[in-house]
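Which chain is which? They are A, B and C, in the order written, and residues in each are numbered from 1.
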Amino acid sequence: MSELVLEPFRLPYMQRALAEVLLLGVLTGVAGVFVVLRRLAFMSDALTHTVFPGLVVAHLAGRSLALGALAFGVLTAVLFTLLAANRRVGSDAGMAIVLTALFSVGVVLVSRQHSYTSDLTLFLFGRVLTVDRADLVTTLVLAVLVLAVLAVLGKELVLRAFDPEGSTAMGYRGVVLDLVLNLLIALVVVAAVKAVGTVLVVAMLVVPAASARLLADRLAGMTILSCAFGVLGGWGGLLASYQLSVRGGLRLAAGATIVVVLVACFLAALAVAALRGRDGAQAAAP
Amino acid sequence: MSWLAGTFSDDFARRALVEAVLAGGLCGVVGVHVLLRRLPFLTVALAHANFPGAVLAALLGLNLLLGAGLFGVLVVLVVVGLGTRDRVEETSAVGMVLAGAFALGVLLLSAQAGFTKDLSAFLVGSILTVQRSDLVATAVTGTLVLGVLAALHKELVLGAFDRGGLAALGYPVAGLDLALVLCLQLTLVSALPAVGAMLAVALVVAPAATARLWTDRLGTTMVLAPCLGIAAAVAGLAVSQHVRAAAGATIVLVAAALFGLSLLLAPRHGLVSKLRRSRPPAGREAVSGDAPERGTAPAAR
Amino acid sequence: MSRREPRRRETALAFDRAAVRLGGRTIWSDLSLSVAHGQFVAILGPNGAGKSTLIKAVLGLVPVVRGSITVLGRAPRAARREVAYVPQADTLDAEFPVSALQVVLMGRYPRVGWVRRPGRADRAAARDALDAVGLAGQAGARFGTLSGGQRQRVLLARAIAQEPRLLLLDEPTNGVDAVSQQLLLLALQRLRADGAAVVVATHDLGLAHLACDDVCLLNHHQVGFGPVDETLTPELLRAAYGGQAIELGGQGVIVARP
């Protein structure tokens, strides 16, 4: 049994892939807590779409993909924060339009190349098995940066998530805090893009944290659980996709398999939470 | 005008034109309801969820519309079911289903050979290869959806505005919600050949959002939105022919450009006119404080 | 808790013919009132009269288009750190994974500042504040598991922990059980004795009678402002409420004082 589990990771490319998904699991686990508590799932999804043309432009210009993604990610994080202020159209509609428009820019640029369809696939779904050392370093740097900022600004961001009006009343500028968080999420998207592609990053941000929320009553517990689920999903998905491909002859995209494992964890958490009932027996004394 | 005629001189271009008109008009009308009920995120999720449905349908040899449509209904039920749980709030539920469904589609597709080639047609549309049967399907779906929306118009509008009031009058609120989401789902599926799963959202949301910037009256919006949708679709198609770019994406860019221009220039709700109207007042407080909380989530609180 | 000498001569809050606009409408105009340190003032009026907007204006969340609002001698936004706001508890997510103590600790953040974490003194202050509202035993309970009244008390404790010089409350007795109401009032009295100014927006006449020094009657304009006995007269009340039924101790009653 242990042979089954260990065998794939003797190969260098699998080792790199594993390192990448473990790192991402922790990063998206922590960031995901804020995404879920601040209800930012849509914005995260939107960011994955708007980062796509950045990838294309960088690819066409022969520059680092991370740089292209970063430029577009930062730009749209700012744009989305500002869009939230237009009440007439609603921030959701604005984001939906911006995300499809930018995505279309990417598609148009890609469509004029001969490598159209394979490029599209790479950007959308990533190829975690082709992660190299440079990619690992990029991910590590971004992870350290994001986690550091989240540690430092954590209490203010949690306050803003819990009681936006109260945080403003205490003197914190909501727009600034929102912008910082949105930028951090953009960085996480950039970090995860090469491995799992733009489409599946949302899963890594939302699913582990949502699972953790079902089981944890405190923020600290929720964060730890979220990381645990993220790491489990990454490792389990890689393992499953490798074994199924080698032994079962089923060629399944690694990134997608990771997401399936994460969703399975969520369903398990849902079942556990349902069995436990709501909140246990905390009787409120007057 | 003759330039336009010249662009659509051959058969597949003409079919593409008809599809563009049908899709643009239908999406525009549905889009108004989507905005009224603040459903853009759900629309994005549904559009993404259509992808595995379409893949399944293709693998099983089913009709694309049918397979994607049925799968989408399943997705809606899952989202609604998840959202009723206490600790799973709606936005995260939609996000999870979106990503999960898409991953499922990728899995199914990657297990096949010819992975990358089929993908792009599903995702970004391939309007120049629509067949007559696709046109017929779109027309039939469109008629059905528009018919339902027209019949239920006043109830849908009331429900969007005041859910409690609608329930108090004895209407089946959940049933009406479901009817609308099903109409949305059918619209998205019928727009698949034109603009694909990932871009259909734009055709639904952008023309309606643009219309909302120009008029305050619902009746006018319901006429203006499909007109803008058709205009964007036709113009986008024409431009894509000349520039040799992906048609679906170009259509979306035209629709988005219309929205962006309107955001700036619309008489009452555009940015330019707002800036001109807001001069700092005489009092000490020159700038309004932080706007009341506008999260990016649907107004579910 | 740091004690400041109540500076009775200096006002904590002053409106000078102020007017505000929100969403294109003028909510109220020509409002003039003042609250001294150590005073307890109620803003009374029917629903929709502009009471919540008044609170938001003091916090600098709504722009003043005429006249002025002075908070602790400064413009509203400059004074925020020393002004504490107690919202209605049901506006907050009951499923949020925080304990009562953690919520109260949030009130210390302006003092703790950026980057640093709350220290031992902060935790002690938070526990004291919870004790002041009678919830010392519930410090570890998740916020959402507490009753409505208890949650409201936790939010007041958060404000107390902030050690404010001005305290603003928005409908603090709404949907709150009688025991919690009493404990809330007790805590507010103590704050006021320590020199803080307290302003409550409410439609609860009984609260105004019980606890307040001055009352401002508001219905899109200032119907009256002054000491409770002089302001809660039948004529002024009728002018403010237009003869509608009014809440009095939880029952709907038409006010007619002898």
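Operating definition for what follows: contacts are C-beta pairs under 8 Å (C-beta built on N, C-alpha and C of every residue); 3 or more make two chains touch, one makes a residue touch a chain.
Just so you know, these numbers come straight off a predicted model, no measurement behind them.
Using the mean of the Cα atoms as each chain's centre, the chain most removed from chain A is C. Comparing chain pairs A-B and A-C, the larger number of C-beta contacts belongs to A-B. Chain B and chain C have centres, each the mean of its CA atoms, that are 45 Å apart. Rounded to whole angstrom units, the spacing between the C-alpha centres of chain A and chain B is 24.
A straight line joining the Cα centres of chain A and chain C is 41 Å long. Counting partner chains per residue, chain A has residues 165, 168, 213 touching two or more of them. Counting partner chains per residue, chain B shows two or more touched chains at residues 86-87, 89, 289-290, 292. For chain C, the set of residues that touch two or more other chains comprises 59, 61, 93, 95.
Contacts from chain B toward chain A in the complex involve residues 35, 38, 40-41, 43-44, 48, 85-89, 91-96, 98-100, 102-104, 106-107, 110-111, 115-117, 119-120, 123-124, 198-199, 201-202, 205-206, 208-209, 212-213, 244-246, 248-250, 252-253, 255-257, 259, 263, 269, 289-298. Note for the complex: chain A touches chain B at residues 35-36, 38-45, 49, 80, 84-101, 103-105, 107-108, 111-112, 116-118, 120-121, 124-125, 164-165, 168, 173-175, 199-200, 202-203, 205-207, 209-210, 213-214, 250-253, 255-257, 259-260, 263, 266, 270, 273, 278. By the touch rule above, chain C contacts chain A in their complex via residues 59, 61, 80-81, 83-85, 87, 91-93, 95-99, 102-103, 106-107, 109-110, 112, 114-115, 117-118, 137-138, 141-142, 144-147, 149-150, 158, 162, 168, 177, 179-180.
Taken in their complex, chain A has these residues touching chain C: 37, 152-153, 155-156, 158-159, 161-163, 165-166, 168-171, 213, 216-219, 221-222, 279, 282, 284-286.
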